[in-house]
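Below you'll find the structure, written out as structure tokens, and then a few comments.
Chain nomenclature is as follows: A, B, C and D, assigned in order of appearance, with residue numbering initiated at 1 for each chain independently.
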Amino acid sequence: MPDVNLYDDEFHPTPWQSTWREFKQSHIALVGLTTLMVFVVLAILGPLITPYAPDLQNTSALILPPAWHDNGSVLHLLGTDVLGRDMLSRIFYGIQVTFGGAVGAVLFALIIGTTFGAIAGMTSGVRSSILNHVLDTFMVIPSLLIAIIIVAILGVGLSNAVLAIGLALIPRFVHGTRNFVKEEFGKDYIKTARLDGASSIQIYFKNILPNMIDVIIVQGTLAISVAILDIAALGFLNLGAQTLLPELGVMISEGLATAYIAPWNILLPGLSIFLMVLSINVVGDGLRSALRNRMSQ
Amino acid sequence: MILLDIKNLTLEIESNGVLVKALDKASLTLEEGEIRSLVGESGSGKSLIVKAISGALPPRWIVTADRMTWRGQNLLTMNRAERRKIMRRDIAVVFQDPMAALDPSSTLKEQLTESIPEEFVEGRWFWQKRRSRLDIARSLLHKVGIKDTQYCMDHYAHELPLDICQKFMIAMALVSQPTVLIADDPTRGMETNTKRQILSLFKNLNKTRNLSILFVSHDLVAISSMADKITVLYCGQTVEDGPFQSVRKKPFHPYTKALMDSAPSFSPDLQPKSALIALGGTIPTLQHLPIGCRLGPRCPRAQKKCVETPVSRKINQHTYRCHFPMHLDDKGII
Amino acid sequence: MLTTLLRYFNLIVITLFILLLISFSLAFFFPGEPYTNLTGNILLEETVGPLAQAFREGNIFQQFWYYAKNLSMGDWGVSFSTALPLYDKIFQTLPATLELTFYAATLSLFIGIPCGMLAGFLHHKKTDYTFMSMSMVMVSFPVFWLALLLILIFSLQLNLLPMSGRLSLLYDIPETSGFVLIDIINSTVPYRYAAFYDAIQHLILPTIAVSFITTAVFLRTTRRAIVDVMATEYIKTAQTRGLPFYVIFSRHVLRNAMLSILPLFAIQISTLVTNVMIVETVFSWPGIGHWLIQAIYERDYPAIRIGMLLVSSIVVFFAMSLECISRLIDPSRGNKQYA
Amino acid sequence: MSFGQCSNNASYRYRSLVIGMLSLVSLLGVAACSQNNEKNSPTGHSSSISGVIYCSESNPGFFNPQIDTSSTTSDASAHQIYNRLLDFDAQTGRIIPGLATSWLVSKDGLTYTFQLRRNVAFHTTEYFQPTRNFNADDVIFSFQRWLDESHPYHHINGGLYPYFDSLNLAQTIKSVKRINGYRIEISLFQRDSSFLANLATDFAAILSAQYAQHLSILNKPSDIDFLPIGTGPYQFKEFRKDQFIRFTQHPQYWQQTERPQQLIFDITPSSSLRFAKLVTGECDTIAYPSQTEIEVMQANPKIIVQEAPGLNIGFWAFNTSKAPFKDPKVRRALALAIDKSTILDAIYFNSATRARSIIPPASWAFSADIPDLNYNPVKARQLLKEAGYSNGFNMNLFAMPVVRDYNPDARRMAELIRTYLAEISVTVDIQTSDWDKFRSDLSTGKHDSVLIGWSADNGDPDNFYRPLLTCAAIPSGTNRAMWCHPEFDATVNAAIATDDIDERKAFYQTANEIIAREIPLMPIAHAYRYSVHNDNIQGLTINPYGGIRFANVRESR
């Protein structure tokens, strides 16, 4: 029996609640969401709960296998690397650096991308179509190339890598927002607002932006997974974060030196990147299908 | 001979936890060479019936019917292959919006020639087959009144005007010489002279080919010009059924009366600038269907008895489902 | 038809011109002297040549003009670290990258799209869910970690496949086209077949590493396109017309699905090239990505500038032509007004 | 009307494909964590084509050891392409005849006469076809090139001869005379007991005079050091930077040894990649195996590991020409602040002996009673206060980018040193760059301190003291500490003036005491030398003086 509603007025779920109900339907999405929450908590509180400082060199325990291995020790749950630094705390710091960097890059790209997209969407005529084409072509330039140029100009370092990836992600948001704005402007509720004499800026902020939030969030989550992969790749090629910073990609490239003797130095950081990206992808995909179902109902 | 016989068809769908009857005991029959029209406001389930007949219902729908036969064969229990054969050979459907019903990526020639059944094509070699298909296609297009066939065939659906496409859809439907043509509101949104052309096309197809037509529409003017029989549908219930003239003169069900009155050209004695007659209230949505007779809340003659669903009664080919029919005293005499 | 071709042609020209402008301005952004960043050798009193002259006068348009002229004539400047002309270095490394990208692209096309079709056509069934979950896992693999895993397992543990380079150095194959398989085929050395077999062995792991992610992306896009097309009105009418299933699927569903995902492939090219450049460094494949990343370590600005210009113009050219092709063969795209 | 049923046999077939894919992914997971289980024979290269692949660690600067002392250059040229008048016997270390069949030393030790070997053929390659065999003119040409400033080929490719300058042989040799076609006579200004040993080092390679004339006719003289011609076992074919060097067998080599059809140097900078290639069989032998991998190699039956005490020294040199490091107290404080035993464990993984002074135990001049500095941060901080740096200072530390026996991972050692120096509030900025740029920065003295080392070229102890710490060695760039101490120079010169072993030992002992007192550099370790190769090849012997010789290597497939 559906719960009795005394006032008998219709319970109209807000768009968010119906998206959430739609999202709850798929269990994989929920599992993805919980793992993502775990990673977010790790990213924020990681450094507080790590047993050791990330660069504390315990010279007595060099290249210790993880605890579940026969000669591993419980002191270092995930073993140690070639300089004796504890793997578990380094991975926690790594998550904070990589995840934080990715979120920073996506926020940067999101803000600039949406404004550009909105402007491109609202203007029309030859000039804007040329501008749109140029922005589209920049979406096609590989992100590693942009990163290489930025590193060549500004030098290596995590902040430059985050900037480079942010720049590489901007075209993606511009493309998404412009298509959405162009579509919305075709709809009637915008025409009525325009008939009431609202300027396109007002329309954008009052009408289009609220509707665009969902699209932006979906694009944002999927962009975070791309950003994590790129930051880790730049760290691996040590174009981004340098060996000082415990970043996951850098840890893998350091683990390379003892790849054959201590494969876990490569596997564990890679596994945490993989799980982080997987959970974000699952959540992003769940959100997108939830949105699609809500729209089509 | 009854071609299509549908009795007490009920379509249910599960929406947030509760089973909703979109179609509640709808019944419909179609004889050979007869033009029957199915009338109802938009959202009353007309297209659902068409989909149920053609089997294009999405799997979520639960279909139950006392009888749903095509020339005696029960459509529900038939397996998909035979059902598809019937659809291919005997029943043809013309949908509402020709633009959406035609594949945007292939030329009309392709779509037409591919739906010509093998049996009509002569010639052993493939080029002979191709030429004979082309001839059949050209003759069909001439029959539906498209003069410049070559131009139409080489272009895509979005490059041609609406009525040409609709005629093209009709040609595609007629390609397998069906015995029944179901037209789902073909003339919606067309201006009058193209509408008149299409309706006259239907009429002489019926005359020349003895093609029985199920004409689904809510445009009474078009129906009055051609329909033999009429079935009126309201919120998924067939409220009235019978020969068009008698239903028009003496509608038994108050909804049919209101429907007939709403067409200005039907009532000659309408004074200029007088208010149009219309029923109060709106059509209830699927979630809030009233129990019993679904016109209940809006019916001027509603009484307590209307709470149970009325049983359909028949007076010489004129069936109705109402406890307090009009033009009839309580003993059922006109 | 002609107007679309023309429109796309001048769009490509404009974009390449912008890329050229960016590569020219990069010389000023990079630390160090712009002239050296452009040509690789220091601007001395006695260096002759129109570009040097333009730099002395400081007139920027002339500099750009002569720079563009030099580029078109093949004088792409000299690399800092090796002082060798960049032209031959690029024509040694670029074919290797194109070769790897080509094999990875074909592999992922021939696996991704059929599986996508299958998943889309049997959607909401077990096969669909297995394909979807598998592609979700494949998409979230970091490409360099995947490459390392493949090396760890197939090269080091199981010792089945070699792990680096394009060809075992024992085989001295004269480089004619730069593509290793083609070179071997039209070379006349006696040990041709052994070399061919060895080159195939060297190709397997990098191609798998690169195509792993792109296959998954193709799979998902194709499935989404097929599911959308199956839900459209005209497919329903085709079904009600009683057309046999294979006609509907092959003629209508496939064609429309492919037309709608063709432009999305353009974006995939850039992720493919990025993955190839990363995989090259892991497998020490002598491609342009590996060379560019070495150039970064040595701060070899002329190499970075020309590498950037070349790779991005190739990627842009392919993407734009793909988009143009999809515009030409897709009649229905015409009516949707272009953004 | 859904389409599921109509193609159920098709989906069955596809389902098996999917399960196949899933099992592949799970295989990825399982096998990844399994340790190095038993593995079958390395695929490497099929037997149809013969050749030995050597994974070298970096690009050679030139193909002539005379003008470049880096061991990469001498590996790629000295032992494979050129021969020398005399050679060292790999096992005993004694001097044996090379291109000179016999030699006579005059009583006063000032004139040496050499009898040269007959019918020794030079290499015939695409770029040069010799018409005559090796004779005295070639020896004269090779010596005059670095001896006489006015020689046409002296200033070709830089005109610097670091090894000869550091030993300032140009001042000791008076003249090189040609007696007849196969005999030459060298006269010196004053006695030098290490002269014969210096002639046997890699750097005294014998070039071809006819090739030099041929090149000066084409006026492309600089090709002599890039397209080399010599008398050695292999002849040069092709070099592609950062990728490979290809040599082919020299058919008319004067020593009858069994050699493979071609020898390839596969340039692989990262040591873990070299080790992986050795395991997969893509390389037959690798350069400078890192210590961490030595144990794993010993456990692997397919790989043969040879070990020999090395004649080398890894040290941490302070640039004594710069401000804080002029004061010996500061240098002593920095030396005390470092715990040498942890560095030995963390970097060398106990495959090196702790160094007390720059002379390794393997040399006859080694003496055990030299005072050693052990870890004492308190004294270090106190010494710093005395020297006036109580709140510390910052300095840069150049870490060698390439791998060498004497310092397998300078970068990681620098990181360890940084954490130690942080305790005595000295901040360290680690700098490393590409090997050529690194060495040019060092020679111009940009470094405050550097982690580098030296491996001997011959058995003579003078080869340690003179190039590393004498004043003459500063311009030639081998004296990394930029340290000039007159008393030290006098002792070293006195040492080579006498032939009596005990006297030379006493001189070297006083030299060690001066170093221990002044600490221009902090000796860290004498690393063992390892030669590693898989069972595809045989006959590779380890050489005490570093470098690798493929003269009598053969494939055992």
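To be clear about the criterion, a residue touches a chain if its C-beta (ideal position, glycine included) is under 8 Å from a C-beta of that chain, and two chains touch if they have at least 3 such contacts.
For clarity, every value in this text was computed on a predicted model and none was experimentally measured.
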From chain C, which chain is the farthest off, judged by mean CA positions?
-> B
Based on Cα centres, what is the most central chain?
-> C
Does A-C or A-D have more contacting C-beta pairs?
-> A-C
Any idea how many Å lie between the Cα centroids of chain A and chain C?
-> 24
Taking each chain's centre as the mean of its CA atoms, how far is chain A from chain B in angstrom?
-> 52
Which integer distance in Å separates the CA centroid of chain A from that of chain D?
-> 48
CA centre of chain C versus CA centre of chain D: separation in Å?
-> 41
Multi-chain contact sites of chain A, meaning residues that touch two or more partners = 256, 259-260, 263, 267
Contacts with two or more other chains occur in chain D at residues 1, 6, 32, 36, 276, 279
Among all residues of chain B, those touching at least two other chains are 55-56, 84
Which residues of chain A touch chain D in their complex?
-> 57, 59, 62-63, 82-84, 243, 256-261, 263-264, 267
Within their complex, state which residues of chain B touch chain C.
-> 54-56, 84-89, 92-93, 95, 97, 100-106, 110, 114-115, 156, 158-159, 172-173, 176
Contact residues on chain C for chain B in the complex?
-> 232-234, 236-243, 247, 251-252, 255-256, 259, 330-332, 334-335
Can you name the residues of chain C that touch chain A in the complex?
-> 11, 14-15, 18, 26, 29-31, 133, 136-137, 139-145, 148-149, 152, 156, 266-267, 269-271, 273-274, 277-278, 281, 289, 292-293, 296, 299, 301, 304, 307-308, 311-312, 315-316, 319-320, 338-339
Tell me, which parts of chain C touch chain D in their complex?
-> 81-82, 84, 118, 121-122, 125-127, 130-131, 134, 137, 149, 151-153, 155-165, 168-172, 191, 194, 197-198, 201, 239, 245, 284, 286, 294, 297-298
